[in-house]
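Once you scroll down, you'll see the structures, which are given as structure tokens.
Both complexes below contain chain A, partnered by chain B and then by chain C.
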Partner chain A sequence: MAMRGLSMQPNLLRENAALCLQAKQEFAANGLPAAKNEAWIYTRLQALTLNPANAGEEAQADEAGVLSFSAGWLQTGGDNLPASVTLTEMGDDAILGEFAAHLPEDHFLGSLSLGHATGAYLIEIAANAAIETPLQLVFEGGEEGQSSHPLIFIKCGAGASCQLAEIHSGTTSLSAPVMVIDAGAGAKIDHVKLQAEDSQASHLALTVFAVAQTADINSFTAAIGAKLGRHETHAHLNGEHIEMALSSLYLGRAEQHQDITTRMLHHMPNCTSNQVIRGVLDDSAKGVFQGKVLVARDAQKTDGQQMSRALLLSRKAEADAKPELEIYADDVVCSHGATVGELDETHLFYMMSRGISEDDAKNMLIQAFLIDALEQVRHEALADILSHAVHDWMAEGL
Partner chain B sequence: MNLLEIKNLKAKIGDKEILHGIDLTINRGEVHAIMGPNGSGKSTLSYVLSGRDGYEVTDGEILLDGESVLDMEADERARAGMFLAFQYPVELPGVGGMSFLRAAVNARLREKGEDEVDQLAFVKMVRAKAKALGVDDEMLKRAVNVGFSGGEKKRYEILQMALLEPTMAVLDETDSGLDVDALRIVSEGVNALRGEARGMLVITHYQRLLSHIVPDYVHILAGGRIIKSGDKDLALEVENNGYAGLIDAA
Partner chain C sequence: MGATEETIAAVEEATGQYKYGFVTDVETEKAPKGLNEDIIRFISAKKNEPEWMLEWRLKAYAKWLTMESPDWAKLDIPEIDYQDIYYYAAPKSAEGPKSLDEVDPELLATYEKLGIPLNEQKMLAGVAVDAVFDSVSVATTFREELAKSGVIFCPISEAVHSHPELVKKYIGSVVPVADNYFSALNSAVFTDGSFVYIPKGVRCPMELSTYFRINEKNTGQFERTLIIAEDASYVSYLEGCTAPQRDENQLHAAVVELVAMEDAEIKYSTVQNWYPGDADGKGGIYNFVTKRGACRGDRSKIAWTQVETGSAVTWKYPSCILQGKDSVGEFYSVAVTNGAQQADTGTKMIHLGEGSRSTIISKGISAGKSNNTYRGLVQVMPKAENARNFTQCDSLLVGDKCGAHTVPYIVSRNPSGKIEHEATTSRISEDQMFYCRQRGLDEEETVSLIVNGFCREVMKELPMEFAVEAQKLIGISLEGSVG
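Here is the complex of A and B:
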């Protein structure tokens, strides 16, 4: 067990911390992203239900490595964590300041959840620790109408390796987690996020990676649930020789809207980034992929790849893609691409001509379409979490 | 009862009528060959038989075991015993060969009310049949047809036929792209499936295939019609003299 300062009746950050109060003012002054705000062109926000929850009851510790959150508050202590992992509540302005300094300036999602913060936690992984069991952050919704705004700061020490799974489900109104993952030099992190919120929920997430030299990050987001999902990730490659994979898949049916927004920021030379994005949209669902790869003037020898493909299963489904390269260095290998397509009639016919029903054939083809993305997840146990979720999604469609 | 009965079949693609009234009857145990110039409608006939979308039957009838298949989707026809070995087999990136084959075989077994095969037994069965057709294990592990050579794709078609054991098999230019040895191996594979259980319709341009798979009947399809039918000697006649004389006479 490793835990300090985790009180069960914490001061409400949002009512006390100067940073939160300031963020709240900012949020109130700016309101929802304006129609002309470039970053929100494809995803229009309607009025949000802002009713941040208060801390709930403590529950029993879960199985090893599982941290359960309800309405943005941690339910369990840290006693089921490995010895090299420390869990602390972010109670003072100093650590909160360090957290907030990683967030993009004047960012809607940042001020939204800083200003309405629910629980705020720092999870530290000691330098050179090798964590064998995945840490699972399991977020569930609170009561009807409550909104969750957890602030999570993960510091992975130099040379440490760990696996993180974020699982979001059960929110009926708004879940707006802000997460900063600070990877020390040479750290190796496998991270997956599964967003499987209730069908009426909004999930507005901001995740920031701050990555030091020679770190190796493999991150994947699967956006499956919620009525409206925005998964915005900024990755700052702050040292040389970083390997960063930041891939995702999104699935939508009915009136779902899934938005994957990434900013891959190559500040230093000799780094590699790769993004594989796959989306499947049925009914009147809408998918958005906005991906910017920025290569600073000094970031020579950058290899930055990005490829997004969307598969539309219905005439009314829609996919928007805005891939962007902004390159200031001259010796780089970067590419990006975005395609939108439908299932191939020839493929379907070939399969059906072998007796495979249309539904089964479609499902096999959807799985085949998603496989390029799912294969990016290199940690097997984490990959399993996602493929089960995808499998369930397809089973529901039959 | 006849296995396959095609009566005055007319079909169009878009607004263009391609088949102008075809009559053909195939019984169990028989092998029929269709030859004909490029663009005469051979592949179209094979697609119409197997129920491809976009190929609209405007007149006539197709009966399989006495029942009309016109209202059946492609998958239903396949489960009823129809099989098409494609002229251009389709690559399915990301679809694993084994799971594809197993889905197909299980669909057919379910239709017959039989138990699905378990995975181990299935892999064994596929390996055995693949070996006989010169399809190596490594190919079986790949995505369906992806990265296969032209000849490998054709062998894979016949492997599927061997696994599905259809009652009515249509083979569209299975010989094209095969080298001499492969032609012999594939033909042996086809011949092994000949028998009272099924009928076959073999589409080809070359007598060469028909010296391996000796047909009971040969039909010449030209301009969307069968202009002449005969026995295996008709194929020799085509080989020697071409189609011009036959078309003029028709």
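Here is the complex of A and C:
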């Protein structure tokens, strides 16, 4: 049975919790990332809309497993969750402290949303539970001029398995979710995130994975919406024999700016990580991929792979990449690769010479390029969510 | 001893015992320690420089005062006291010697210890050597033969007088004074360096070479090298470095500018083996170098090849600005770090011209407690139709206390550009060791074979004269350490 007790008139964390006040001060003191800040060299932040929304009306519970958020506040009580899933509000400094301890120190995105928090929720999955229905976190609603800063803490108990889908399609000017996914020993998590925010919005997300030994994580992000999108993921592999897949695709049109930043942090030996990144950029869109793989001194026998490819469809599109290896252990197999280019002319020619129109041929090639990435998603229902969105994006371009 | 330990031991020798640690006692003429306008005036006056040169220096100094030392590299550098450095030291000599006979015999003895047979080189190697001893070029050979083909090869301090129009036109045109902290410093206080001018259509009849030495205690070395290759000309320039052992850190901030016009080709090769400091990183050279070439003309080509084994800190990114249509930039690098050495090195390839191409091959070998970083930028600008880049960065880790890092930056603003980057990190595997041992090679030979094989793609780009020295260097780093 899921625990209730969510007050629908929550106390405002950002005005009461010491941690939030501290983060707000930190944020005010540091301001936006400076032009010389290495982590932000390709993504310049101008002014941000900072006007955290307040909780709205309670709504009807959705279908099973769906949690609806409006402008960063949970709207439903969580009655529709499976029995082994518990939903509570993070209302005190103790649990908030545990959440914040997972965030990188002095991090812009961390202090931004801790300091301006909207709703903050803890979702716990009991040890050894096998959740069959995907949990869907749907973030929508809000108004222009508002910002949403949901803080989500997911604790997946040892040996549990679950599927998580995050869908961001809000209408606030800024959506800045911070999510911590704590995977217990042997946990198996399938996670997808679809970023399909309003075309004028900014989406600045920080996701942290804290992974214990023998856990198996398959995570995928598709960044499609927003005018300015940054999806930053830090994955801490804190135990041995972890399998971690952290892949993504980003699509950009018009003036869109999509930034995918990952830090794969191998702290312990015998772990495997794999990242496949694909980007397609049209019009004047700009795509950024920054991916660091760190292998600590003790993380012998690490296998860390990363491959990013960007496809430019227009003369004005731009792709920037900064894959990074930082390696302190000697018995490792690590590699990264990055390519940027346009559609292969010989491929196009081959298809057109067989009677396929140029547009169709291009579309097929783009699709094939993206399917390469989408195939990384292991769970079928989750994959469907993303492939529909990608399909719609393709269709819009015709 | 297991293979791994032996490998570690082998490479610990790499730079641990510095063969060239000795000091030559030559009376030197020094400016007082520290840096201010007066010192710059002193340096300029010492060199009888024209007014425009002094003004240029003073402007650079004013600029430098407003700048900050860069901190983005993965280097841990103790704060440098720029007022505790001698900015000028010249071997005492009333007038420049005209032949080797006039050169201070002690200097010649130093070169002999280094294994640079100046005299023999004249006959054997066909290499003209413009030897920079500390700050003043004291021996210049083969000038006459070069002059016959119209090639100018002289100390830059001399070129300021003999070819002011060329120096004025090109100095600072590739590396602007305010490009970075160290280029501004160099522009203010540079003491000497080489000047090379290859006229139209001339293929330089010999490999040009200089040996830079840092000799006088506490003197920073601030070379300034300028190479201009006019249309359809070719030059290969070799730079080799060794330095005496020191306790205090020595600062080195060189600027090298290359200009290649239409169809011209410049090949610039470096072997850098300065004192790396002791096992804890005490002493050793701080090497902050700005090297950049401009491929100004269509079909021009600039190739940088470097073998970096020395220095406590290396901060060096030889770059190419590919302006000309179908211009070509190449960068081949082997960087070996050991002990507490730190290297942050790589290249920048800026594609501006249509059809420009670049190749980057970087091999990093880290041992001991060292950190070895490749940092490179490939940028394709909007007008660079059909630009191509291929980058390969491989790192080899020897031992479990070192670090190997790869930080490529890729910026593509033209869809027709194709950029490919690959990086791998590995170590000498037990399998490789076993395979070679089984065939009768001892462990030392095996490590040497594997490391040389790992670097082969770069080594084969070196001119023959250098390839021998470079292989020897890597050989030295491996010898006597196994068993």
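Convention: the second predicted complex is superposed on the first by the 393 of 398 C-alpha atoms of A that agree within 3 Å, B and C clash if a C-alpha of one lies under 4 Å from a C-alpha of the other, contacts with A are read in each partner's own complex, and residues count from 1 in each chain.
We adopt the following convention: a contact is a pair of C-beta atoms (placed from the backbone, for glycine too) under 8 Å apart; a residue touches a chain by one contact, two chains touch by 3 or more.
Because the structure is a prediction, the values reported are computed rather than measured.
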item: Touching partner for A:Glu358 - first (chain B), second (chain C), both, neither; value: first
item: First (chain B), second (chain C), both or neither touched by A:Leu12; value: neither
item: Which superposed partner A:Tyr350 touches (first chain B, second chain C, both, neither); value: first
item: Contacts of A:Ala381 with chain B and chain C, given as first, second, both or neither; value: neither
item: First, second, both or neither for A:Val332, with chain B first and chain C second; value: second
item: Which of chain B and chain C A:Gln367 touches, first, second, both or neither; value: first
item: Larger contact residue set on chain A - chain B or chain C; value: C
item: Common interface positions of chain A, toward chain B and toward chain C; value: none
item: Interfacial residue positions of chain C with respect to chain A in the complex; value: 72, 380, 382, 395, 397-427
item: Chain A residues within the chain B interface of the complex; value: 345-347, 349-358, 360-361, 364-365, 367-369, 371-372
item: Complex contact set, residues of chain B against chain A; value: 50-54, 73-75, 77-79, 83-84, 86, 89-90, 92-95, 99-100, 103-104, 107-108, 111, 143, 160, 164
item: Complex contact set, residues of chain A against chain C; value: 36, 38, 42, 297, 300, 310, 312-342
